[in-house]
Every structure is written in structure tokens, then in C-alpha cells.
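Multiple structures follow.
You will see chain A twice below: alongside chain B first, and alongside chain C after that.
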Partner chain A sequence: MTRGSVENFESPAKGLKIIGKPIPRHDAWEKALGLTAYAADFSLPGMLHGKVLRSQYPSAKILSIDTSKADRLSGVRAVITAKDVPRNESVTRFGQTHTVGGGFEGLYRVLADKKVHYLGEAVALVAAETEEIAKKTLELIQVEYEPLPGVFDPIEAMKPDAPPVQEGRPNIITHYEVVKGDVEQGFADAEVIVENTYRVPFVDHAYLEPESGVGWIDESGVITIRVSTQVIEHFRGVADVLNLPHNRVRVMGTYVGGGFGGKEDITVEAFLALLTFKTGRPVKLTYTREESILSHSKRHPYVMSYKTGAKKDGRLTALKAQLVSDAGAYVYLSPWVLLYSMVDAAGPYRIPHVKVDGYTVLTNNTFTSANRGFGAPQVCFAYESQMDELAAQTGLAPHHVRMINYLEKGEALATGQVLDHHVGLKEATEKVLDALREGSPAAGKMKTGKGIASGMTSYGRMVFLHDTSRSHVSIEMDGSVTIRAGVQDIGGGQASSLCQITAEVLGVPLEDIKIYIADTALTPLAGTTTATRQLYMSGNATLIAAREVRKVLIKKAGEILGIDPVKLDLADREVIDKEGTGKGLSLKEVVRACASDGLPLYHVALFKAPFRNVAQFERIEGQVFPDFTFGTHGAQVAIDEETGQIHVLKLISSFDVGRAINRLSVEGQIEGGAIYAMGYALTEEVVLDKGVTRTPSFSEYLLPTSMDVPELTTLLIESGDGVGPFGAKGVGEPSVCSVAPAIANAVYDAIGVRIYDLPLTPEKIVKALKKVKDR
Partner chain B sequence: MKKQITLTVNGVKRELFVSPNELLLNVLRDQLGLTGAKYGCGIGECGSCTVLLDGEPSLACLTLAIAVDGSEVTTIEGLQSRDGKLHPLQDSFLEHGAVQCGFCTPGMILTGKVLLDENPRPTEEEIRAYIRGNLCRCTGYTQIVQAIQDASVKGKA
Partner chain C sequence: MVNSHILPHEFEFVEPHTLEEALTCMAAYPGKAQFMAGGTDLLVQMKMGRVRPEVIVGLSKIPALRYLILDQGLRIGALTTFRQIERSELIQRRYTALYEAAMAVTSIQIKTMGTLGGNLCHGSPAADSAPPLIAFGAEVKMINGDRERVVPLETFFAGAGQTLLTQEELMVEIRVPEPRANTGSAFMKLGRVSADLAKVSVAVVIEREQDICRDCKIVLGAVAEMPLRTKEAELILRGKIFKEDLVEEASLRVSEEVRPIDDSRSTSWYRKEVSRILVRDALNLAWERAV
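The block that comes next holds the complex of A and B.
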């Protein structure tokens, strides 16, 4: 296969040559050849090895730290504790372009000082000539702790007499509400009411590449960090830690071996900066897998009480919910995640009366933050289980109860945000139902069942953050094209789709394009690779930049050919006359003519998401997100009633993706997301026992393997009505939203019992079945 | 005390000095600069470090370099033919979108290659069973399984 080859494929979007086709991604070659230099694959001469000493207690006072023995070990070049950090505490802003306050800024503490708040919190850093010596150094640092009582349950932590996790602040970080109509009136109008409490667990991102990076000081004194990250713009935070001007820290993002939100917060960057600053030498730091599981953020566990009311014909009348999320020991992105959950809490349904209360609460558990879906999958499990409970109560089909309540374009969410783009739920559900009907795999003696669930997930950041992205497109003298954009590529094809967009606009084959990404010094900043925002934001920025370059080329070509530029097009490295007069020019010739005239053969574009300001955050109202992606999952399961084992036989995903920029990538995201979330549904749980992680490896923390994966079907809808380039919507995170409830609903269909807590383990199934029998 | 060993790595004989406790993974990555084999867990639970030892898929994170003195080692860097052409399985991975973040890819491709060497026409079930020790967090495996199957069907491997 040659790079950039496009198979003969009819694109659904008329007139597009490269957009919409299933094309191998530009980064796939190096990856398949094993050439991609991930963070840990890079080394420098004279490089030291860094290690982190971590707390053994979830809550303890640090009485003393004695590093004298460690300092004396031969081969040790640095031992750093909190007292050595120029600015150990700062406020994290996570690449906010607009400062919003409102509890959105979490305390960021580089190293624990006087107290540790969770097991695995960083206490000291070392750098040594070899990894062995670095490990030995950790053993020689003597930390005297005095264990303190901790609080490990968010409901407990909310009580007034609970021990405070962070000095001087209440454990409840945030309380939000969503209010629509009069919820008590809504329940008075209801003929059926279902009320349940749902629980979802801590989850690890379990990217296969552990956190890693290399730091060094360049010849001009700039602290440079080459790191696996979703956010190169942490360079500002790193500079703050060292009390350096922002332009004295440079972050270069590598191709990331999986992110899923876990590399959105800072990981090794500040540690590397401190060690390299102190030693003047390059330093590499890579977490062990165990260290990664112990110390990085987790998906938020939630306790969710839901009460949903409907008429006998299935029409929803009211929804009342209380969400409590466990933020762990530090704030990080917890208020933001909760805000997403609040907006999504009532689901994509028309409900006249809604009241949702949400709290996020500090505990002495591992801190929690972004994880693929960012607060959407948690509430989806609850609201979609509720929909099936309502179906059971009313005797209506689960899909019917959904169909009659789905929101449509032009209608508003409970927050008042009007959905002004296509809502593809009806089509998605119909497609899923059709696929579920098709011949089911045999299941022997086991009980089989089918379930569906629908979901909504925003793409793009909250509008009050005033999100922006930039991209630079230029064309060289030989007609080859360069893109420079500060996007982080975490494996979702983020860089590759920018190449496709540019190739489409400039009429060149993909192999003529070279992209440079993720360098705070050299690529225009494109914001975070989070919130399913890169295609939307940087895709649009790149589209603008490429179109500007195109304009210059076409105008010049028109002059040379004496043809009205509107009649000209760019295709196959040529300027062609659309009217087929046969007149034309090679792209190269036009570029040369432009260069000779001093015309700009580049453009830096700035794309701005819609900006809105929010008066206050306590009550969430109005437009919070640019748009949403809607979709439905269907599952068929077989259950062994003796062992409680659930076998997923089929998993069907249908989404309105707006426009598939690269069909292979879109399907890959949706399939990968389905299995990521199947793990959430069935096996994945970071078990914390009074703050102590009991699942520190892949033999306890169980990811889906190739053996667990069912038949996957992906059914795309292309409304062309997204806010991304060419009408695309985002899919990276939406792809996980409704998998767990679809499986839980299929389990209910198979054996008539509902499990209210994820994951749906065999033990829970057996226990629930026994309870039914004993009744 | 370092000891001298000889490994034939991707067809080239290499004389190396290694400590008794040095892992093959580190020798390949740090001494030979062959970083295609990855550290994903270090304890044999993910398959990211897979290399071929005398043609058999092996976990380099669990293998002491000294213990495989005299062996032939194939890493992902050695799979491409000398004229730079991709191995048919690499081609198939590209064509099927079986590469996302790519971190599992070297291990997956090497494991898949051995399967096709041993069993040129595996069923889907056989493929799933053979690669079960190689975790992938991104793809959901389906495109990987299809890539391996398609390479076999096309008789390319």
C-alpha cells in the first residue's frame, strides 16, 4: 500500500474527493513499522533517570522527611521535596482561555507538604545516573508519618462532622442545580413513578502507554519537556511552578499511546522540570504500571438517586435526581465533570418538570478527573435504566417509551439550551432495532436478552470558556503542503483528519501533506485534545487556513489563465477549469507565480467557538455547549444463571456523526468506544478499600481482551448538521455513553433482574437471582 | 558483573554486555535503540513488549537477556523487507484501520505474524484466542482481527 492511497469508494458527500473515505491514517505507517517515537522511546546523552516517592497512606501527617542518606548515595544527582519547589501550590486552569472562577480552579500541589491526602500522592522526587540507583534512592528517603483518620465515602464526607480532606475548605466542592418547571407537580401528573439509586465505580483509563516524558534544558536555557500528554498548554503551569516566564518552558507533545482523559491533567511535566532544573541534565521519567494505577486520576464514581414519572402511555412528566460524585483528594476537573453530568442528567428527553441536584465531594480516595465521556456515561446508566424500568411498569416496549419522548431539533434541554442541530435519535434507534432483530447467535441453555439505550454527549468545550484553536497551513515551492497545529494526537486520528481536510481543499493527494503537531514553541496553539473538540475546533481552524491559501492560488491562476476564478478548482495537483475547457495550470506553476509576486503562501487561522458568559454557576441555565452527538446502543446478552456469567453476543452502535471525515477512523472510534465501555459495564473497577487500591495491575483490573469482544456493528448516520468541518460531529467520547445501560437492560430482559451498580459482575447476578428466588 | 552474550537481532549478529538481571526489553530498547517493543506493564500482563525469540512470540519484559544468549530475535523493526516494503500483515493493519494509538501495534503484528506462519488460514475464533494476551485499549480488537484474517485470506502472509 502506498501512503495516502484512497480506495475506490463513493463518498456520501457529493463532490468531496478525500473527505468521507476510509483512508489509512498518515500516522499509521510509522506506527505499524514500530518507528513512532513515543515519550519513553526518546533518550538523550547524559540522561538521568527520575523516580517519584509516593505516599503509603491515604491520610497522614508528614512529621519529617530525612533525605540525608539518599543524598549521600553515589550516583544520585537530585532529591527534591516540597520545600525545594519554588511554587509548590498553584491554581490549575487547564488551558482556560477565559478565566471563569466559580470553583472551576483546582488547587494544584506538586509535592505533598506536611500532609498526604491519598495513597500514591507524590512526596519526593529523585534523579540518578541509572534507574537502579534511582530506585534505591527512594528506599533511603525516610519519611515519618502519623496516620490520620480519613473519609472514603462521599456521602460520609458531606456530613458536617466529617474530617476535612483539604485544610481550610469544605469537603463539598460544588453544588449545582438544574430546575425546569415544578417537579412536584410533574409527579402529581404522573401515573407511574420509578425510583432507584444507582452506583458506578472508580475506573482506570488503562492506556497501554504509562505516563512518560524526557526533560532537558536547551542551549538558550529553555526548559524543554517532551511528554505524552493531551494538553501541551500545561507549559504555563510548569513555568509557574518554577517561577519562570511562560516562554521559558517549552512542551513538545509526542504521539500518545492512549489518553482517554487520563493525560489531560498534568502528569510528569512538573516533576521533569524540577529535576532537570536542579541537575542541569536531561531526565527521563516513566511511571510503572502499578504507579500509574495508584496515582493518576480515575473516572468519578457516582451515587445517583433517580425518580422518574410518566403517564400510562409512556409520556414523561417529571424527573428528579440527586448526583453525588467522589472527587477524591484534589479538585482537578471534578466541578467540570459534574457540570457535564448536570446538563445530561435528564437525558435526551422531553420532560416538562425536572429538578437535578449535584454535588462533588472531596474524600481521601485517589483523585478523580476526566475519563472518556466526562460525566456523561455515569448519568446515562441511571437515566436509561430508569427508562426501561418505566417500560416494565407501563407494559410498553422499551423503544416505544424512548421514541415518544426523544427531543427533536428546535426543542430545549431541561437547562433551556435549544438543540439547534440535528438530533438523530429516532433514526439511530430504528437502525439498532433492525440490527438486533437479525438472526441472533445461538446461546445454548443460557438465557438471552436484548436491550437498548440512547445517549447524548457534548463535543467542544463549555461555551463560557471562550474556546479557540489555531492552525497554520502553507504550501511549498514544489506544491507540497505543510500543516502546523498544536494538536495532541492521542490515537484518534486527530492529526490525520487535519491532513484530509487540507488535501480536500487544496486538491493534493494525502502523501503531499506533512503535519507538525503539539509543540508550544513552534506550532500555533490549538488547545486541549479533550472534550471531543479537536476535529470541531482545529478541523475548522485548518479548514479556514487551507481555504485562505486556496483563495490566493485560485486568484493568481485566474489572472494567468484569464479565467474568472470562480470557475476554477484545485484537483490532482492542478488548477482546472470546471467548465472543462481543458485550460489549466499545475499547482507548482501557480505557487511559483504567487511567490514571485510576494503573495502569502500560508495562513494562520483562528477559530472561535461560540462565546457565552454565565451569570452564575449554582443554577445551570442556557447554552452551555456548542452541540451534542446523539446515538443509541443495542446489546444482546446470554447469561449463565448458575455462574452469573454474562456473555455479550452483539453490540450495535448507531450515531449521527454529522459527516464521517475518515470512515475508518470514525468506525474505529465507535468500535473502540463500545469495548472501552463494555469493560465499564462488566469488569472494570478500581477497588479502593479505605483509600487503598486493591487492583494495582491488569490481573486485578480486568480489561476486555480479544476473547471478550462480541460481534460489533456500527451504523452511521450522516446528517451533515454538526458544527465541525463539513458538518461533522464529534464521536470520540460519545461512543462510550450508552453501552453500559444497553447491556444492563439486556440483562434485565434475559433474567428479569436489574442490577443498579456497575460493573455487572457474576457475583451480583447470582446474588440478585437468589434474592428473586427467595422472595 | 556484566557478561557477554550474542544475539542475532533482525538478522544482524550483536555482541552485547549485559548484567545477569538485565531484561531483554531493556537491552533492545536502551542498548540497541530498538524501541518498537514497548513497556506496558513489566509483568507479563499486556503483550506490548512482544518480540519473536527463535520465531516464537515472547514477552521481553519477563525475559532475562542472559538466558537467551545465542537466540534469534525479531522485533517489529525487522519485519519490513530489505527493500523497505511493508510485511503484508502491516499492510493489512493499515488497510483495516487496526492502528489507533499504535502502542499495542508492534506486539499485535508480531503475534499475528506467528499465528499466520503456523496456521495460514485461521478462523476468527482462532485469531481471537491467539492474540488474547495482547491488550489493546483503543480499537476494540475487531479491526485487528479482521486485519489478520484478511492478510490470511489474501494469502499475503
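The block that comes next holds the complex of A and C.
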């Protein structure tokens, strides 16, 4: 059951025809009917099947690799090991075009060479006539390992005598700090202090569609890869691996069956390129579910020590935190994720004295990288649990402690970044509280409780990445409209939103628009579909492009009609006179007139985020992000104290989304985010035991299903004060941020016991209750 | 590593249409063939490389093995699915615990494909149908060529993943005696999410005579290497006045009788803790129903 409401500030949607409406996406039917060709649905004649040989040890020396038996198997077309890779080691990049330095970019190694650093690291690639032969080939490759000691706990890995995970570099990848005021003074000023350690686990993205793609060489010799990805701009990295010019590799993104950050890093692209290059044949490679869980990135586990001080009236005086994140065996996005956590670590609160230290550390665990929320949900679990602990200590209501401390527009984060745009936390929390007050479902012998948590999540990439996006809008001779934008659509409606924006500006119905997306050869590059940036960045680029085309059309129409162009508007495929003289022209006629005059009926726009250069990263200061999305979650739970079973009865989400470009998409993102994070709160955990995955499939790694979904309520606030098109803010990642602490706080409200480690399992609840009873 | 895309080895697939054909097929490949009903356990086993039958004898085209007959008790064809069980009003009324077990199976898809015969023959300690069927005193009928045997289900399980069934033997029927008058039953299951195998499951069947518990059976799933009947706990209640303290005592005894393990679904400690709770609740519920 789902419900929703929208609060408009100053009726911002006034005059808008398509923006803000709940419109089914252009690709909805196609997907519902199963017609969308996802990555693995695509095949080519003569296609081979690729497979990856993966390490059996989390830490071992490779003494030798003998592929002779594998090479001789009939039907095998390629066996590739590290020595066959033209450039096996390079630098991890994530679609960014600006080199940041400062330890941000880590080592990217295509295939393990001499050593394996985690269980499931790629050691060799094969391509064969059938998937069965490919699998058989893997069994014939003989790898001789010498197991080495590994380190599996980030705290252990920080010690000077810990075995180094990667040769020639310390296990601590980065240390950052945030300093505001004098934190010891802040604790001296405090009348109440709470101090706790929180732990959050590895989690899997668990997209329906595992990593997949098909590679081939086109008729002009270009390596072409059709792949499920959030970042088509890995084409440069792929070209580097093959030592080819960048314009000799083309990446085409498919509609993605779920990304959640897991397809931000390179997945199958380099493997496909190598196999295709070697065999000259098309190759398909699709990970199995088990392979995806075993070998691809996970959300970072964190150990977080928090100490928070406040006055008796609830005003915060100090916050001190130490964050340690487990990067796994390779750097990938770990420093970035940690940096996000650093900026968010004190939460959206006014705190005079803050000190945060953060470390991200290599271990011989599965590598970790982007996962929806990117460092924000981890710290939110800690700072929002702390807020409720403070409420309990001071005897104040949890919402009161928040309300009096929320930052407002114009104030600064602990890093010094000033919040230039609306901070909708008070409204969001009020809405959630109202919704929580409504009717309590019966729960029998179970105890019920309610909890809230607020959060902040940036949207748009870090300003020192110098982020840009491009979009091409053109109008055809019959008045139909074409958009070309290199956006990856990962199911969030990324492509559809651009269609809506263009339809609004050019006054045409949505069905008149055709969008081409995600092709490095044919669509202007739009950057990554990550960091909740696509609506913000490509939405703005598309808005600019559409407005430029509109200008040309209106000007010409004004000339033809003899009316001042400012008095003209585009609507319903017509140019109309806003003053209602009845004079007008069809859009088609204007387009024809422009064409015959040689006027540009297209525009390629470039949108630039704010740029900033920083000299050092150790201490994080000043502006890091373009803006933030703020919101509050509310949860109502029922708990059986004897079995520890938690039933989430209600989840309420309220966000200032700036402007809902498409209400259905926005609500879809927010509801999906709530469930995604409910799994994080209650059941999801990739269990690693000395580097060995103990949850290798979905029978061990437990996701909520539709049967577990509670009543969901989405309450939108539209301040119109975001930096996206029409004042929109991003919602994709913010929607997960504060769900887990809201549930944990509701659990505390129900049974008076706090669980400090996610997930909140019945086993932990029963144990914690027993401890209280025994005391 | 497991490969969820492909079955890792080749096999022959035969699909008999009658019972006789099925047995002939099986006899034709001694030691090499395996029966398949819904395949929801077998295919998983094959993907994991745990079993590698050279021949699969598919049973799904044999309608004669799919039935529910009321005849001095209940006769259930081995191919009867969970979906058929949960849709039978009669089972819901008279064999409530069995109905509740079928309801508790993870999803419509699994209920539609998964059979009772497959559930029992797979030999999992977490098989949802086992506790209620044992508690109702069910027997299973198996045939091999022209040999036939009927054994109490309680003695059918022989260890984790093991049963009395020989490779060539086919389970054809599950026979459940008619419950006596004033009998009530209940089944309870704890999983990690709604769609899950049991961490712990319990079935209770109670026969009641006013305030007295004339007879009772308590059977648990997923707390030992096979479905476990806790006879000492039953003794505490049998023939006694059904009272809260006795129920507590019996439930406590259950948590001493069970031998759970730590695995990916739960811990031994927790399973012990909650078996007591589930048994207590199931006893009370079955008692209320026994009118």
C-alpha cells in the first residue's frame, strides 16, 4: 500500500504542462512487456562465450599458470592471463576527465599477476564456442598457488606489523580529518555526553541483472562493447588496457537492470575487449549471481566510534568521531566514499565543535566501492542513533532534539561549506511526525515503537572533479524532436526526465520525442549515472539545449507573425500568442521556415558544475559538493520480544526534492530507496570469514521481497530551490540515507534496547534483551 | 564456484506417463538415474554439483501420482503440490498444521512446482511438510519394481539429506490417519524474511478431552540433522490437565531435546531459545483449536 502527498512552496509548478506531472515513463510499457533488450538479451552471429577464472584464495602467491591443457580443448578460442594483457596495470578512473591526484586514483589491475589479493580476483579469461566449453576450459587451467597470510579486519590492517595487502604501499589508503572549533572545549561545555561504537556490514547491490555485456569488432575495426554500465566513459580505460587510441573503442550502454553503484566501476568491459581483440569474434560475458556476489564490489563496512555532547536542553555542543572503512583488496572508490562520509559525518546539525577522523584501509576482503548512498548511510546510522541516545539521556523527545539543532539555509557544515539552498528538514520531520501519529496497526502481543531519523546526502559530484555534461537537442522537419545524450539509464528514469524537460520547453507532447542515450560514438558525453548527478547535470544541459532551439523557433515565428517574440509561447505543437490574439502557426511551419533559412535547428549544450581546486585533501575544508538533499524517515515497528522478530509496519519518507520533474519517478525512487535500505537495516549482510564469502547466493544473502514491504508513504516537499533544472534536487541516493537509523530508533522505542550493529537481526535482539534482563 | 546459469553436466531426460513406465525406466539404468518431481530441490543440487545423475526420470507427466483422497484418513499422491494442499478446505479444517505448513512455503512459484513427495524425499531437516505429517502419524508408501513397503514417516529420515529410500525406490503415497475427535493442530515457522526456509519450525497435534491432554505430538524442523519428534516433552503433557506451567515445562524440555547447529540462517543458541517459544505458542494454539 502506498500513499503520497506534495507540498508546494509558492505553487512552483504554475504554468508547467509536463514537468511535475505523474507521467508514465517512455520505456515503461516496453519493460513491463519484457521487450527491453538488456545486456544479456543481445547476441550476434558467431558469438563466443567468455568466462573468468577466479582466485581460490584471499591471499596467495601465484607460482605458475599452465594453460596448455585448456588451450588444447576443442572449441576454445582464447585463454588470456596477465602476461597477455597489453597494459595490465593502470589507474582507476570513474569517468572523470579531470585528474585530481591526492591519492584519489588507485591501482587498476585487469588480471592478477604474481599474487592474488582477494577471493574471486580475476586470474584468467577464456572464450569458447559455448558456455559449457568455456566453463570446462576454466577447469583445465592449472594455477599453482602458495597461500600467504592475509589480513581481514581493517583495524588489524592498520597496525604497522600487518601484512601489506598490495606490494609497496601501506594498508592505510587515506586519512582525512574535519576540524571545527575545539572539540575538547565542546565536551567541557556539554552537560550530557553519549559515546558508542557502531558497525555496519558489507552489502551486495543485488541488482536483478548481474554484470553483463557483448563485445565485437565493427566493420571499421573499432572495438565495440554493449554493456550494462553506469559509466560508458570507461571506454578510455578499456582503450588504455589494449594500448589503443581512445577513438578505437566504443561503449554502448544498455538500459540497466539495476546499478546502485555496482556498475560504476568497470565490470566486464576490459575482459570483453581483450577476448574480442584476441579472437576477432563477438564475445558475450555474463556473470553468474554467485560470481557477482563473490567477486564484485560491496558497500563499505565501517567501524564508527561516536562521542556526542549536548546541553540539558538538547543543544549540541560537540561531536567527535572516528570512521574506519574496509576498502577490501583494491582502492577503487574507497577514498571518495570516505570523503563523502567525512562531509556528512556530523549530520545536518549545528554543532560548534567537531572533530572527525577517517581512515580507509586495505584488507584481503572483497573490494568495496560505490553503493547507493556512497558513504552517507553508514555515518547516518551512527549520528542518528546518537541523536536518539541524547534524547533518551536528556529526557527530551527525539524530534525535539533534532528540530532545535537542524542547520538552516545560510549556515555552514563543519567543513565550512555554506548551505546556499533550502534545507527542508523541519518541514520534512513535521510531515513524518504527522503521518506517524495516524492510526497504529494492531500488533497483538508484540511491542510497537516509532522512530525517526534525518539525513543529508549530496547530489552532483565533488566540485574538484570539474564535472560537466552535454546534451544535443534537435527538431526534425515534421516537428518531432530528437535528444542525444550520453546518459546511462539505470532504471531511475534518467532518459525519461530529459524527454519531459524537452517536451516542456518545446511545447510538444512526450510521444513526439525520441531519445538516444549512452553511446560514446554517437551521443555527446554526459558523464556518469552516479552521485545522483544525472538529472542535475544532464537535466540542466538538456534544458539549455532545448531553450536554445526554442529561441530560434520563437524568433522566426515572431518574424513571420509580426509579433514580438516575448509574447509568443510554444504549446501543443503550435506557436501561440500569449495575449490571445488568436494568431499562431504550427510548429511544423516554423521548423520549415527555419530550415529553409539555414537556421540551426539543433543545439549541443555543455553544463558545468561549480569547479573548485583544492591543494590538499588531508583536512577537508570549504565547498565539496554543489548541494545536498535533506529528508527524514519515520518507521513504525512491532517486535516480538521472545523471538526478536521485527515487523516493519510503516515506512514514511519525506524529502525536499526541490521540484518533482516526474512525480511517479520521484516516488518510485523514494519507495525503492526505502525498501533497499530496509534490507540494509534488517537482513542484508555479506558475511566474510577470513576473506571467504559465506553468503554466496540469495539463499544465504537475504533480500526483502514484496511480501516484506510495509505500508509506504512518500511526502514530497517542493522548495524549488535545488540546483537542478526547474529547481530540482536529486533523490536517487538520498532516499536510502536515514532508513536504517529510523528503524533502529523505532526498535529502541519499542523495547528500550539499542542495537549498534547492522543488520538488526532477531538473534541480536534476543541476546540484547537477555543481557538487560540478566542485569 | 557454483554456476547458476548452466547445469554443469549432461544427462538424459525421460518422461514416463505411467507409474509402471517410471519404474521400468528406473530399472533400465541401475544406479545412474534419479527421479525428479518439481525439480525445485534436485536442480539446485545439480547446479551446486552435489548430485550428478546420468539420467533423470521426470515424474510430472504422471497424473496418477497427483491426488488427494479421503478414505479413512487422507491419501496424498506423492506428486501433490503445496499449492494443492493449501487450496484444500478439508485439509485446512482437519489437518490444519499441514495446511499452515503449505501456506508457509516461500512463494507461489515454489508451491506450484514443489511436491510433497519431493519435500520428504530430499530429506532436508527444514522440510516444511515433515513436522506436521509426522505429528499426524503419517506413513509413506514406496515401491521398487514389484516390491512395496509402507513405513512410518517418523522413521523415514536417516540424517541430513538422507532417508530410507533407495535410489530406485519411488515414493507413491503419503497416508495420514484420520485424526480423532477433539484434535487440534498448529504449525509455526520462523524465517529471516517472509520468503525463506525455516530457521525453526514446529508442528503440534493435540487430542483433548475437556481439560485433559489425551495425546500430543510435538515435532520440530531445522533443529537437528532431521525432523525431530520431542517425545520427552510430549510425555510431560500426555494424560495431564493442560495447564500453563506444564506447557512451560514441556516447552523447556523441547529446548533441551533439540540439537541445532550454527549455519547461515541462524545460530544454535537462538534456535534453542525460540524452539521453546514456538512450541509453547503452537501448543496453546492447537489446544484452542481442539474443540
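Annotations
The working rule: the second predicted complex is superposed on the first by the 763 of 775 C-alpha atoms of A that agree within 3 Å, B and C clash if a C-alpha of one lies under 4 Å from a C-alpha of the other, contacts with A are read in each partner's own complex, and residues count from 1 in each chain.
One rule holds in what follows: a residue touches a chain if its C-beta (ideal position, glycine included) is under 8 Å from a C-beta of that chain, and two chains touch if they have at least 3 such contacts.
Since this is a predicted model, take the numbers as computed values, not measurements.
When the two structures are aligned on the shared chain, A:736 is found in touch with neither chain B nor chain C. Of the two partner chains, chain B is the only one touched by A:25; chain C is not.
In the superposed model, A:47 lies in contact with neither chain B nor chain C.
Contact with neither chain B nor chain C is seen for A:751 once the two complexes are overlaid on the shared chain. Legend: residue contacts after superposition of the two complexes on their common chain; A:705 is shown touching both chain B and chain C. By the document's definition of touching, of the two partners only chain C reaches A:694; chain B does not. In the superposition on chain A, A:643 makes contact with chain C only, while chain B stays out of contact range. When the two complexes are overlaid on their common chain A, residue A:291 makes contact with chain C while staying clear of chain B. For chain A, the partner touching the most residues, choosing from chain B and chain C, is B.
When the two structures are aligned on the shared chain, A:260 is found in touch with chain B, with no touch to chain C. In the superposition on chain A, the residues of chain A contacted by chain B and by chain C overlap at 286, 288-289, 697, 699, 703-705, 707.
Across the complex, chain C meets chain A through its residues 1-6, 8, 107, 190, 192-197, 264-267, 269-270, 273-274, 277-278. Listed in rising order, the residues of chain A touching chain B in the complex are 1, 22, 24-25, 27-38, 40-41, 43, 205-210, 255-260, 286, 288-289, 490-493, 664-665, 667-668, 671-676, 697-699, 703-707, 709, 712. By the touch rule above, chain B contacts chain A in their complex via residues 29-30, 35-43, 45-46, 48, 75-77, 79-80, 86, 90-91, 93-97, 99-106, 109, 127-129, 131-145. Considering their complex, residues 54, 131-132, 135, 286, 288-291, 294, 642-645, 683, 687, 694-697, 699-700, 702-705, 707-708, 761-763, 766 of chain A touch chain C.
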